[in-house]
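The next block holds one structure in the form of structure tokens; read it before the comments.
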Amino acid sequence: MSDSVCNAIYQELSAIRLIDPHTHINPLAPASTTLADILGYHYYTELAHSAGMPKGLIEEEGISPKAKVERLVRHLGPIENTAQHSWLIHICQKFFGLEGHRLDETNWETVYDVSETKMASADWAETVLNESNVEAVFLTNDFDDELTQFDPNTYIPCLRTDDLVFHLGKDSTQQRLESCTQIQIGDSLSCLRNSLENRFEYFISNGARACAISLPPNFSPDRISDGRAETALSDVLRCGANADPANQVALSSRIFWTLAELCDQHGLPFDLMIGVNRGVYRDGVFQGQDLYDSRVSLIQYRELFNAFPNVKFPISVLASVTNQELVSYSWIFPNVITNGHWWYSNTPSFIARDAAARLEAVPQTKQIGYYSDAYKLEFVLPKFDMYRRILANILGEQFVKQNNWSIERAVELGRRVLRDNVESIFPALGDKKKA
Amino acid sequence: MSDSVCNAIYQELSAIRLIDPHTHINPLAPASTTLADILGYHYYTELAHSAGMPKGLIEEEGISPKAKVERLVRHLGPIENTAQHSWLIHICQKFFGLEGHRLDETNWETVYDVSETKMASADWAETVLNESNVEAVFLTNDFDDELTQFDPNTYIPCLRTDDLVFHLGKDSTQQRLESCTQIQIGDSLSCLRNSLENRFEYFISNGARACAISLPPNFSPDRISDGRAETALSDVLRCGANADPANQVALSSRIFWTLAELCDQHGLPFDLMIGVNRGVYRDGVFQGQDLYDSRVSLIQYRELFNAFPNVKFPISVLASVTNQELVSYSWIFPNVITNGHWWYSNTPSFIARDAAARLEAVPQTKQIGYYSDAYKLEFVLPKFDMYRRILANILGEQFVKQNNWSIERAVELGRRVLRDNVESIFPALGDKKKA
Amino acid sequence: MSDSVCNAIYQELSAIRLIDPHTHINPLAPASTTLADILGYHYYTELAHSAGMPKGLIEEEGISPKAKVERLVRHLGPIENTAQHSWLIHICQKFFGLEGHRLDETNWETVYDVSETKMASADWAETVLNESNVEAVFLTNDFDDELTQFDPNTYIPCLRTDDLVFHLGKDSTQQRLESCTQIQIGDSLSCLRNSLENRFEYFISNGARACAISLPPNFSPDRISDGRAETALSDVLRCGANADPANQVALSSRIFWTLAELCDQHGLPFDLMIGVNRGVYRDGVFQGQDLYDSRVSLIQYRELFNAFPNVKFPISVLASVTNQELVSYSWIFPNVITNGHWWYSNTPSFIARDAAARLEAVPQTKQIGYYSDAYKLEFVLPKFDMYRRILANILGEQFVKQNNWSIERAVELGRRVLRDNVESIFPALGDKKKA
């Protein structure tokens, strides 16, 4: 970063201890155990596959972590231009002594061995958190996750609800729900609601600070009457995936609406991640099959936003084209909040334009700047650092140079979207958290 | 603005006396009378509300202007990052002696008192126009506005037609139309047309230089046959909002088409402001309830553009995603003209990208660079100044530095889109204007 | 280009000999014969017309080339701001001795005369190729083009299939197909397939390296069963444009799918140019009538991409809003490749943002940076040069300055997208080519 103003802001932002408001970290195995956990991240497997590496080579059963890394390293050349690759290099430089900007056949084994040793340390996760300047990370918990075996001050539970809204028709979902709640749903809407409420109570009492869901582009939630919902529930529970599609849609809408009611009742923010189509590339690698139709609009959520003025909806959009709507809806709806830069929009040029549009038009208290979406702790650092550099550039160029702000004032705005808003928007609610 | 080339261009552009081609100024009360007129602008009330200020606090009946300002000032903190806030500060610095970049509890009362004194001056509007380097502003007149009580050389009438196209079913609209034209519509299409023509004649003879309308994203005008239109008219006049929705759509389309015919006949440009959904946030503050569905296309207007080759259509789009279509349609259709940066696209990053795309691909004679959309004269200055800075940056970076243009040539292009095109695209037509 | 890093990269990129992977060059008359071929390019006629030049003045029958140029020159003033105009000036400066940045009434005749002399030279096409640093250009051949009369190492055939997919209902298309293949289609799907296969064999044996098609925004290809396709074929062959629209759609889909099968069988890449609506502006000048509806999604092609994993699909999108989908689909689908900046997206600001998004997230081996789309060889230079400058800026600013790449590494990435990928993605397949 050559510019001195932007660089000064970047340095200040880097000193801010982070709370990462959305990850897929497993609190019982938060950090990597081998470099295969790093290189096995879907960003590398899907990009390597896209560039020609056969899926069979990546996903062969029984292959050792070291052999898997060796294979993937041989296919990194075509993706060295990508932002995703730069995260990998950043991790290897920061944590495992890599010099230079390539992980290739000449150096991977050294890095592998260094990383193996470091990762074997009992306090590796703690080390990564500290060296990454991270205080806590939000999790993505299944509704039936056990939440008592980790520290919710570091690993903050979040109730992920995709299965409940979109897959209640599966026997496995029903069984998991009945098993963790000890409530039989039968055909009863009220039993269904009770079991959902059970989950809210369990999660909040164990430190959960958000409810979350990812939604397909054609989802448009609306109030479903009890009668209509009962018919739908009955059909879906009986016929599963063979139920009348209209009933599946109605039931999804009803359950989603009930979740919003429970968020309202319990004061829990409801993260909406809008726009993903699952399984578009059927033969893609694991977690590398989902895409989207960018023709989605927040107008699909107008009734929701009107119906729940007291529920905070931090919203992520998958395609940058939806960012302006997100800015506009956040600009007038008190309960709509901008949230991070998701997945296919999480590369520098999309972040830069989307973040700039938010910073200039959405109240500064209603912007959650970034989350890592990481599966392993090592990724929090390079992803947040990418964002910090972009944020520092926007603050330096637009606010300091164009608008004559002081550096201090620009850093204050950066701190707010990087850290402060995470705490004010997702307050601790439950008993355990307070303890 | 640190760059010397861009700054030189900016200085030249600032010296150009402006005609603002679209405002909501009331010609009988064009400037503010207290700071509450400034802070009461929907940009501040809706942003403050979005950031947590209760609507009741903003819109309480009977509250004094000074009390209202005090309340709003206490809620400006969260929106200090916004471009909209920068307009407020610019106004207070320029006109009311504010020092620094904040209006807060420590200084608002001084600013209030200074502004009250200044605004009480009989020539305040004239002062604002002069200090803003503004020669004239276009108005947004209801079809039944009285146009004879102000100087149409400074306050240029514009016939706004939303009520006619979308609300003829309301008794009040019919009564207003019959009252100002002295023509009974009955169920007769030809009487309806005569009454519309009456409005065109009245407006043009009183100096109007444009017809205008804002349109929802799903509007797609088409020719409606006489028979179909008669049925629709009859149903809508009889049943109002309870008329068959298909008849409401047909009648809207028919009236809109008739307006285009009258524009053709009278040589009046027809401003189309495309894409707004009214009342999306039902409990929003006054004028802070409208949003949009960005899934709109100018292909919806293909028949219109083909049918009226001699009508100039200056077009504004609400979402930046539609800007490329606007560029492309203006690039080949002689009657399609780019017009300003509207509402949710009127913040720096959207203006910058949309203006750049236009400047590089649309004939320079077919671009109306900017309008303020202001309700009070004080806002013309900061809004145009925001645009001038962005325009100067594009001209300096892209045209001078990248394309090796001279600064003089770049300023000429700037002058054209800032001022000259307003005069060539909206010529004076009527008798009074010539007088 | 003031910046030294970007300029150094630009100089290196300019030294790379090009293969232009998509043009409309006529190999029997590849270069212009008068300046009317340059100024007659639809970019100038449509922009001049859009800015007010009557169509009749442009397209008058029997007008001499010189008179046509004189007329157009008088209407260039309003379009001097456009990128398209800068191509014209670049050509006139580079090849015909123009000084300054204007072609106007004072100098056009000199330029005309110089160009006429130069173009009369027997080796003019060769000269243009050499001075433009171009080794070869891809053509856009009708399916019944004769391919044996030119050197396919310089003029590389490409089978364009719009007529087959969308216009088989026309008698002329059927007759042309039967005439060049000597196969009677009758009502037989297998005869139709045989005739298509005949074209593939003919094209590949004559050096073709791509199949290509442009597609309207609402096209969504899918497998059509034999029975359904037979019904459709029969109806369309009998009734032409009067056939049941559903049958026309089904037949288009079937033929398109068959073409993909033949690409698969023969190893030919299938260029998809997605998003154009033909004839939107009915009274537009020649080739200046087409526009689009930007509401298109690559999700419409999901079944195609899944069904043909071994067919390379270089994809161009007409609207920049679709670029992020293109990036995302290329990022995970091995067979989806980004291809150039098409038509209404071929101006600097759209190229800059679309190219940056690709360079940071799509494997570098899967990006075809640019093609000229030129009708005459003279346009290859200015269009590619525009792209090279933008590419050099992105590489310099993002990769060198932000990401700390070396200039050499940045140039390597540039070389890959500018040249190397054209050769690796479109390999020579046929006998003649190898000879």
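For clarity, chains are labelled A, B and C in written order, and residue numbers in each chain start from 1.
Criterion: a contact is a pair of C-beta atoms (placed from the backbone, for glycine too) under 8 Å apart; a residue touches a chain by one contact, two chains touch by 3 or more.
Just so you know, these numbers come straight off a predicted model, no measurement behind them.
If touching chains are joined by edges, the resulting network of the protein chains shown connects every chain directly with every other.
Residues touching across the chain B-chain C interface largely differ between the two copies, under half of the numbers being common to both.
In this assembly, the C-alpha centroid of chain B lies 39 Å from the C-alpha centroid of chain C.
Annotation for chain B: residues 295, 321, 353 touch two or more other chains. Contact residues of chain B toward chain A in the complex are 1-2, 46-47, 49-52, 78-84, 86, 101, 277, 280-284, 288-289, 291-295, 319-321, 344-345, 347-350, 353, 389. Touching chain C in their complex are the following residues of chain B: 295, 297-299, 302, 305-306, 309, 321-322, 324-325, 327-334, 353, 356-357, 359-366, 398-399, 401-405, 413.
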